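Common to both upcoming complexes is chain A, partnered first by chain B, then by chain C.
And then the complex of A and B:
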């Protein structure tokens, strides 16, 4: 009886682990697209709205879904606080702090951090150019992520169950 | 009898994992999984064989 319970538990845990890994692969391209949308919006705010950077970040955050919106919000609030960090520092802190909530990887993070060091220190043409560069990089990453998703999502789904069954057979 | 079924089950599962990994283009990992499964089964067979040997010894040699 207790053996059966253990078998069920191991099977359940293995299946869930596989599905969780698969969900990570499914989530990454979606979040990359959302991030690209957010950057596009930021570009519009800077280029055509002439909005100050913290305000532009807040408006973009209001229009973005969750992990990205909190990242942008904390970048904006870092600039506006009393002691007033520079934008680059604030952006870096926000990205690093909220990165673990997203499913994205190191290459996107590098692109974002590079973008942070160029925003808010030059004229609008230059900033728009850098935003467009970051957008291009994100687009390339999204294509790669979609590729990965097609390849690894199914694999992890079946692999989790199979490994759980293997453990059960080995232990019975 | 149950050991035979256990080994058969391991074989089936390892074969499935191998095919899944191979399909997704991770051939090197698939081969490692197969090798590890083989080694595990080998250990089980060796244990069974040693039991058999012990039994034969007790039956024929030390009566």
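And then the complex of A and C:
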């Protein structure tokens, strides 16, 4: 009886592990897409609305889903706090703090940090160029992420349960 | 005074300025920040260099020198982290921040087809603190009243930079708008509709189109609008009875002022010039004065005891100061102090004056 319970537990755990890994592969392209949308919105706010950066970030955050929303919001509120952070530092802190909540990887983080060092400190055309560059990078990452999703999502789903079955067979 | 602009300054600079002596903090007029060079403070009409401990000295030795990083942070804060939203301002070389304070900028310019497109590598800032002195025009307004039309004469106010022109016209707008004419017979006159063309957002210090300074209840402000165009727009749209414009000087400004004066609207304008003689050296001002577009010319001069003014009626005719009583009373100064306490003294002094 106890043996049967153990088998069920192992199978359950293995399946869950597989699904979780698969979910990460499914989540990444989605978040990259959302981030790209957010940057596009920011580009509109900057290029056509001439909205000041903190305000533009807040508006973009309001229109974006979590966790991107809270990342943008904390970048905007960082400069309004007392410590007198520059925008670049505020942006960096926000990205690093909220990164663990996302399923994104190091390469898109690097692109975002690079963008942070240029936002707000040059004229409109330059800002648009930097935002477009970041968008292109995100797009490339998204394509790669979709490939990975097609390749690994199914694999992880079955791999989890198969490993669990293997463990059960070895133990019995 | 310092507290009004403290939110614009990086922490380091703010802490230093807060260590300055009380009178410097209260009388603060200008903060001149130059990257890698001594920090200069203008207060109460004097200029000193600030050392790291907040003391103010005549000599630049041992003065605090702002770093490049501080200047970068200051620029970010002044532009609200959005240089791209300030392109027009950068092209003109200054930005006006919330509260009407003007920040002049200098650095390396970017040229586009021979004309300045903006400034980058900004290395020098001049923060000028705007102040609202209610009643600063109380002595001047009665002298400019046109009794027949129950409004003010068209007036040109002349002074070098930093003599209180903007403060004065702001208070004039307020007085006329409220109907405070400063005359016994004017007590029952109503206020007049005032239109302000505030190209540099200094007179009314509008935030999102709403004035933050008290410019009176009958005042409309065209914010951040080129003067000539703004005057025409206000004339057509808001039916002002008095138009106020700061720092005229271009040919199109002159055209707009002529247009307004032919439309029966009084115009009060300021211009940079030491005195009337000096103003005549500028073609636009000269033709306006000679055409009689301005019935009065006011010269401002700043002295340690306050801002003094001198009214010249009928700029086209002569430069004789036709102040009543001035000729018969040689002891009475031609220059008048507009500050209220001095006003009282003057009135007493002139009690016997018919």
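Quick notes on this one:
The working rule: the second predicted complex is superposed on the first by the 172 of 172 C-alpha atoms of A that agree within 3 Å, B and C clash if a C-alpha of one lies under 4 Å from a C-alpha of the other, contacts with A are read in each partner's own complex, and residues count from 1 in each chain.
Definition applied: a residue touches a chain if its C-beta (ideal position, glycine included) is under 8 Å from a C-beta of that chain, and two chains touch if they have at least 3 such contacts.
Bear in mind that the values here come from a model prediction, so they are computed numbers and not experimental data.
Room for both chain B and chain C is found when the two structures are superposed via chain A, with no clash between them. Contacts of A:50 after superposition on the shared chain: chain C is touched, whereas chain B is not.
Of the two partners chain B and chain C, more chain A residues are in touch with C. In the overlay built on the shared chain, the residue A:120 is in contact with chain C alone; chain B does not reach it.
Once the two complexes are overlaid on the shared chain, A:86 sits against chain C while remaining clear of chain B. In the superposition on chain A, A:4 contacts neither chain B nor chain C.
Of all C-alpha pairs linking chain B and chain C after the chain A fit, the shortest spans 48 Å. Only residues 6, 9-10, 13-14, 16-17, 20-21, 23-26, 40 of chain B touch chain A when the two sit together in their complex.
Those residues of chain C whose C-beta lies close enough to touch chain A in the complex are 10-12, 72-73, 76, 79-85, 87, 90, 118, 120.
The touching residues of chain A, counted against chain C in their complex, run 46, 50-54, 56, 79, 82-84, 86-87, 119-124, 126-127. Of all residues in chain A, only 151-152, 154-155, 158-159, 162-163, 165-166, 169-170, 172 touch chain B in the complex they form.
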